[in-house]
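Report on one structure; see the data block that follows.
Each chain gets a letter, A, B, C and D, in the order it is written, and its residues are counted from 1.
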Amino acid sequence: MSYEIYASQWLNTAAPLSLASLRGRVVVVTAFQMFCPGCVINSLPQAKKLDTLFSRDDLRIIGLHSVFEHHEVMGPAALQAFAHEYRLNFPIAIDQACESGPLPRTMKEWGLGGTPSTIIFDRDGNLALKELGHLDDLRLGAFVGQLIAQQASRQDTNTGAAQAAVDQDGTQACGPTCTY
Amino acid sequence: MSYEIYASQWLNTAAPLSLASLRGRVVVVTAFQMFCPGCVINSLPQAKKLDTLFSRDDLRIIGLHSVFEHHEVMGPAALQAFAHEYRLNFPIAIDQACESGPLPRTMKEWGLGGTPSTIIFDRDGNLALKELGHLDDLRLGAFVGQLIAQQASRQDTNTGAAQAAVDQDGTQACGPTCTY
Amino acid sequence: MSYEIYASQWLNTAAPLSLASLRGRVVVVTAFQMFCPGCVINSLPQAKKLDTLFSRDDLRIIGLHSVFEHHEVMGPAALQAFAHEYRLNFPIAIDQACESGPLPRTMKEWGLGGTPSTIIFDRDGNLALKELGHLDDLRLGAFVGQLIAQQASRQDTNTGAAQAAVDQDGTQACGPTCTY
Amino acid sequence: MSYEIYASQWLNTAAPLSLASLRGRVVVVTAFQMFCPGCVINSLPQAKKLDTLFSRDDLRIIGLHSVFEHHEVMGPAALQAFAHEYRLNFPIAIDQACESGPLPRTMKEWGLGGTPSTIIFDRDGNLALKELGHLDDLRLGAFVGQLIAQQASRQDTNTGAAQAAVDQDGTQACGPTCTY
């Protein structure tokens, strides 16, 4: 299975990001909703703190706003205000809405069970952890630290072809993959 | 100075409330904004817990949604979703917007410095505490406990006249009182 | 049932205290052991904070070191060092050892189930609360606040006779009351 | 500089340990005193949690009871009771007392500034971190995780000679090294 982020819009980044373009770094994706108490009280503060521990050449934090309820009041403008007030400085992807149902596309493709979820990829882009709920700080730190210390096995993964595929996907409307 | 709540709308109550109608009870008003981190992480959970400690004949908690920024994304529908997700069961007043500026009317009339603010009235309706920021649980409990133990000095304060005045104010648009 | 403190020794007070001599004040007794994690992490810090909220004319905090295990390493000198390091400034009674078993006398007389326990007396010296385990700050504050607001019904309770009885008990070795 | 543990006694281990004998593993030493609030409230619970995250083939936690005050009430029997009540299961070294002053030997040799201190050695036995005070969970986890992921550079470091030197030191009384 290949993981990619399907974003309708990005915050806090000049250009859209893709997991492929971040190969060589450990990537921690925090899937959240702005009205999800566990996200607001635990996971987002944790993501902010994690973002300060390592160089962004080694670790990238990405917020994934995966709205699956109350869509009408958690739109981009609301998210922008929320991110401003909570001082979220890392890039945030707005998960693509699907016409086929309330679950957004990345959330469905990745099989996320709800928010908050933490999804971690190693330097080679392989899925290393996908977990629903809050992670203990010490455990998360230890897990990420181990991945950071591992060298990427391939240095040429960020190919133009991979990037092109992602860009294409990133602008597609939800297609057949959204029918389940 | 007389304190009253100027609400454009109420949540979690069949009919609008007024401080006058609650005479005889201790009233704790938690002024908040749904995108205010200190409100969400500290004050609203504290208000929920306080609401469970006493009979509602003795203590009433009122949320006051005093929006003074990001008005466009903190409207009634957003607040309704927020209150649902955070399991806020106590009555919440939406502070009346003022044409004269970003500060809502109750916030201005009461001289609140920001959110979160806690405003407490004794059983006679007298202001007992008005404080910006988070209050320590032990201190807040001790303060409220003392007020609870005091009997109301007047049993006839909930007069029809007082109620009428409040109802009238409650439906007024922001007038001259909003010009300062 | 009459409550009194049976102490073999006191810390942080020039003279032994008795509940009778404290009539007119609310008294919170925190029963602890210096090697009890729940006492050290929760109850003693809470007692310290509570001690700062009110005048000592209204509220007195008393620590009760009720050792029922590891007696040989929780003696007076160890307690003195412990109290110094944890900055415990309120009076602490060392619960009288009993020859009849490991439970100290006050703990047995009061029917305490373990440590930490919180025992609260109103201004008249009546038992108001006796609870094993940690109390939530907000709830404890509210409980104590209510008692503080109540006036003592009798102003003459601190009689010489009552005091004499206590002093006598306070120096007795464990007698028949320790046989159960 | 060479680091070794000078212990007068060990708890929770069948035989004395030495850093040399643990080569190949990451070793986290938590220096504490049983009456040190920061140790009891923060560092020891953290050490317990860290001990559960990795195999003991990869990570070893060692408590170091470095008593530099109140010596008379923090002896081995008291420590044993303390460790039992706090459910400390990892090996604990009692730092050797020095005749030349209140500071124990390991604490002096290692230049520790007080308690709690955290001292971390990599798989090769090199000092990786030495810090006074409490470490944030996320940061500590990340630091240890990185060390865990690194392979030991030498597989033969646990030589008989090194071990012998340690054993000899470990049983010496405080000598000239304690005079500064």
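In the analysis below, contacts are C-beta pairs under 8 Å (C-beta built on N, C-alpha and C of every residue); 3 or more make two chains touch, one makes a residue touch a chain.
All of these numbers come straight from a predicted model, not from anything done at the bench.
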item	value
Subunit D and subunit C - chains in contact with each	none
Longest centre-to-centre distance from subunit D, chain (CA-based)	B
Euclidean distance of C-alpha centroids - subunit A vs subunit D, Å	39
Whole-Å gap separating subunit A and subunit B, where each centre is the average of the chain's CA atoms	38
Centroid distance [mean C-alpha coordinates] between subunit D and subunit B, Å	54
Sites on subunit B at which at least two other chains make contact	none
Chain-level touch network, classified as line, ring, star, complete or other	ring
Residues of subunit A that touch subunit B when the two form their complex	35-37, 40-41, 69-70, 72-75, 77-78, 81-82, 84-86
Contacting residues of subunit A [partner subunit D, same complex]	46, 49-50, 53-54, 136-150
